[in-house]
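Labels for the chains are A, B and C, by order of writing; each one numbers its residues from 1.
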Amino acid sequence: MLEVSHLRKVYGPDPSAAPAVADLDFTVGDQEFVCILGSSGCGKTTMLRCLSGLIPFTAGEITLRGKPVTGPPEDMAFVFQDYSRSLLPWMTVRRNIAFPLRYKGVERNDARRATEEALEAVGLADRGDRYPWQLSGGMQQRVAIARALAYRPRILLMDEPFASVDAQTRSGLEDLLLRVKERYGITVLFVTHDIDEAIYLGDRVLVLRPPATVGHAVTVDLPRPRDQVLTKQEPEFARLRGELFAAIDGGSVAA
Amino acid sequence: MSLEGTATVTSAPRGTARANLADTSGSLRRLLGQRWLRDLGLKVSGVLVVLLALEACSRTGLLSRDWFPPITDTYVELFKLAAGQPLWTEIGRTLSGWGLGIALATVLAVPCGILLGSNATAYRMTRVVIEFCRPVPSVALIPLAVLVYGVGLEMKVFLIVFVTFWPILLQVIYGVQDVDPVVRDTARSYGLPAHARFLRVTLPSAAPYIATGLRIASAIALVLAVTAELVVGAPGLGQSIVVAQSNANLPRMYALIIVTGLVGWVINLAFQAIERRLLKWHPSQRQEVAQ
Amino acid sequence: MNRRVLGFLLELALPVAVLVGYGVWASRAQSFYFPPLDEIGRYFGELWLFDRVGSDLVPSLTRMSAGYLASVLVGVSVGLLLGMSRVLRTAAEPVVEFLRALPAPALIPFSLLLFGSGDSSKIFVIVLGAVWPILLNTIDGVRGVDSQQLDMARAYRIPLAARIWRIILPAAGPRIFAGMRTSLAIAIILMVVSEMVASSNGLGYFVLEQQRSFAIPEMWTGIILLGVLGYVLNWLFLRVERRVLAWHFGLKGLAGPATGRTRSAGRSPFGKRRASPSPTPAHSSASSDGEV
C-alpha cells in the first residue's frame, strides 16, 4: 500500500545540515493499522508531512499504491492533532465534512449521503447543524475523523489525533476509530507518543528514534475486536509495553 | 519593590533573547543580511516601477500632458521648492496648527480619560455622549469653525482639537481600565499611597495606549489641517496646492502634493517609533523580540 | 431590576442635561451663531422632511456608497494579493505607506483635473482615502490565516480558488471588517470634504453654502443631519458585521464587536508577524489603521 524507502528530509538550503528525517524505511500493507511511536522531537511530524505530500523531501522515495508521492495524493486523508485549528469555524459541522468532497468531484447527492453516513459513524448525526466551536474537544475531533471518512480515502494519516483530549474521551475515540476502520476498510498510519495507545490500536508498532529512523518494530499479536479492559489485561499487552518502553528509552539514551 | 520586581522580570526574556541572537553563528547573520538587502532592492524597484510607469504614461500621452506633466518635471520642481524659503514656511504653517491642536487635545483628553477610566459612574454617565460624538463626521464642523474663528490658525486648531479629542480620550479610558488588576492589588497591598499608585502603576500601564491614541490623532489632525487649508483657504500646504492649481502650475501642484504625503509619512514614522518605545514592556512586543 | 433602571437613567442624565442646558442658554443668550433648539428643529423639518432629500442627501449617499464599495473591492482584492505574496508585499510597501500617509483631501485638485467636477472625481477621492485601512487589514488578516487550515486544504486537494473563497477570506474576515469600519468613517468625511470643493449639490456643499450666506439655523440642520448620518451608518455597519461574522463572535464568546484598543503595536502589517499562535487577534484589537 504505502512504501517508504531511504526517506531523508533536511530543512533549509544546506543539504549537509542536520536532517529532521534520516534514512527512513518502512511499508504499510493494505488495510493494516500501523502505529508510529516516538517521543517528541523525533521527526514524527516532519515524516507525516512528507508522506502526505505537504512538503517536499530531500532524498529517497515514497510510493502509494505503486505511484510516487509528489503532492497530496487523491486517496489519502489527514487528521491533524489540533482539531480546533483544522476545522473551519465559519462552517457548520455538516459543511465542514462536505467541504472537501465538492472539489473531489463527488456528486451532490453522493456527497450528502457520504456526509450523513460519516456523521452517523462517529455518533454525531444530531449535531450536523452546529458549529465546531459549539462542540466539546472530543466531538470536534470526531468531526475531523468524519471529514476524513467521508472523503473515502484508501489510507488515513493521523498525527497524534487524541493527544489533546482528556483520558475518558480518548478511550472512546480509540474504540470509535477501530470500529470505523473495520467498517470503511481503510489503511491507517497512526502517529502517537503513547505506548498503550499504540499497542491497543495497532497491528504493528514502529518505534521512531531521532532523527526519524525506525529503531524497533513489533507485531501486535492481540485478538480483535479489542476491548479497553480485556485487551489491556492480556499478558502479551504487558510484555509488548515493556519491550516498547525499553526500545524508546534506549533510543532517548542513545540520543 | 514589587514594581521594580515586575520591571526586571519583564525585561529578562528580552535580555536573554538578545544574548542568544548575538551567539548565533556568522552564517545566520549573513543570511539575514542578504534577506535585508534583497528586501531593500525589492522596495526600491517597487518605487521605481511606479515612477517609471507614471513617467511613461505622461510621455506617451496615455495620461494627457495638459494635466499630468512627466514625473521628472515634478521632481525638478520639488527640488527647486525644497531649496527655497516659501515651502518651509508653508510646511511650518500646516504643522503649527497640527502641533497646537494635538497638544491642546492631549492636555484636555488625558485628564478626562483618566477620570472616566478610573471612575465607573462617570464613565457610564458620559458613555452615550461619547458614543454619539465619535462617529460624527468632523469636517461638518468646518463651516461653524470658520464662522466663529475666521480662516486663521485658531480655526484650524479648534477643528483639530475637537476631532482628535475623541480618539485620545477613548484610548486613555481603555488604557486606564486595562491596568492589570493583579498589579494594582499588589501595589495596594504594599501600601502605596494613591498618588504613587497613579504615577507608578496607572500611568505607565496606560502610556502605550495613550501613544496609540496620539498616533491615530496625529494622522487625523494632518488630514484636518490640510482640509481646512484646502476648503476655506487657511494658509498652509493645502492652500498652496490650490494656488498652484489655479495658476496652472501643475508640476508645482504635484510637487506640493508629494511634500504633503512626505510630511504625513514622517509624522507617522515618528509616532510609530514613540509608540514602539513606550510599548517595549508590552507582551505583544516581547513575543516579537523572543522570536 | 431597580439597579438597571437606575443605571439607564444615569446614562441618559448627561445627554439630557446637555440638551436642556443648551436649549435654555441659547434661548436666553440670543447668540447669532448658536440659535435656540426649537428654531433649528423648525428649519430641520422644513428642509429635510423631505424638501432637500432628493437634491442633496441622495447625491451624497450615492457618491459615498459608490466610493465605499469601490474601496472594499480594491482593498480586499489587492490586500489578498499582497498578503499572499511576500515579494509583491515587500515591493509595494514604500508606495503603500506613502499613499496611506498622504492626506486624501490634498488629492482633490488632482482628482478635479483628472475627472472634472462630476461625481467621479468625488468618488475617486473617497476611494483614495478609504481604501488603505481595508487594504492593510486585509494583508494582516491574510497573513494571519492559520497554517493548519491551509495544510488541511492542501491535504484534501482543495483548489486555489476555493482555498481563497472558503478559507482565506473568511479567516481574514474579522480583520477585513475592522478595516471596513474605519474606512466607513473616512468615506463619510471625504464625501463631505469633496462636496465642499467644486460642487453644486450634496450635504457638504449645503452646509458650506448656508454658512457663506449666513443662514445659521440652516447650517446647523446640515451639521446635525451629518451627525445623525454618521451615527446611523456606523450602527448599521455593526449590525451587518454581527450577522456576517456571527461565527467569529460565537467563537470568541463575544456579544458583539467591542470597541477596544486599536492595534496593539501600531506596526505596519508589512513587518514581521508576531509569534503568537492565535490565528486572529482578539477582535477588539483589530483595526490596522486606527479610527481616522
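Note that in this section contacts are C-beta pairs under 8 Å (C-beta built on N, C-alpha and C of every residue); 3 or more make two chains touch, one makes a residue touch a chain.
Molecules present, by chain and UniProt name: A = ABC transporter ATP-binding protein; B, C = ABC transporter permease.
As the structure is a prediction and not an experimental result, all values here were calculated from the model.
J.: Of all the other chains, whose mean CA position lies farthest from subunit C?
T.: Ranked by distance of C-alpha centres from subunit C, the top chain is A.
J.: Considering only C-beta pairs in contact, identify the chain pair with the most of them.
T.: Maximum number of inter-chain contact pairs occurs for B-C.
J.: Taking each chain's centre as the mean position of its Cα atoms, how many Å separate subunit B from subunit C?
T.: About 18 Å, centre to centre.
J.: Could you tell me the distance, in whole angstrom, between the mean C-alpha positions of subunit A and subunit C?
T.: Roughly 47 Å, centre to centre.
J.: Can you compute the centre-to-centre distance for subunit A and subunit B, using the mean CA position of each chain? Integer Å is fine.
T.: 51
J.: For subunit C, write out the residues touching at least two other chains, lowest number first.
T.: none
J.: Of all residues in subunit A, which are in touch with two or more distinct other chains?
T.: none
J.: I need the residues of subunit B touching at least two other chains; which ones are they?
T.: none
J.: Considering only the defined contacts, which subunit B positions touch subunit C in the complex?
T.: Interface residues on the subunit B side: 39, 42-43, 45-47, 49-50, 67-68, 121, 124-129, 132, 134-144, 146-148, 167, 170-171, 174-175, 178, 209, 211-212, 215-216, 219-220, 222-223, 225-227, 230-231, 237-238, 241-242, 245, 250, 253-254, 256-257, 260-262, 264-265, 267-268, 271-272, 275-276, 279, 282, 284-285, 287-288, 290-291.
J.: Which residues of subunit C touch subunit A once you look at their complex with the stated criterion?
T.: Touching subunit A: residues 146, 148-149, 151-152, 154-159, 162, 166-167, 170-171, 173, 247-248, 250-251, 279 of subunit C.
J.: Mind pulling up the subunit C residues that touch subunit B in the complex?
T.: By the definition above, subunit C touches subunit B via 7, 10-15, 18, 33, 87, 90-95, 97-110, 112-114, 185, 188-189, 192-193, 196-197, 203-204, 207-208, 210-212, 216, 219, 222-223, 226-227, 229-231, 233-234, 259-268, 272, 274-276, 290-292.
J.: Which of the residues in subunit A come into contact with subunit C in the complex?
T.: 49, 52-54, 72, 74, 76-78, 80, 82, 85-86, 88-91, 99-100, 102-104, 131, 133-134, 151
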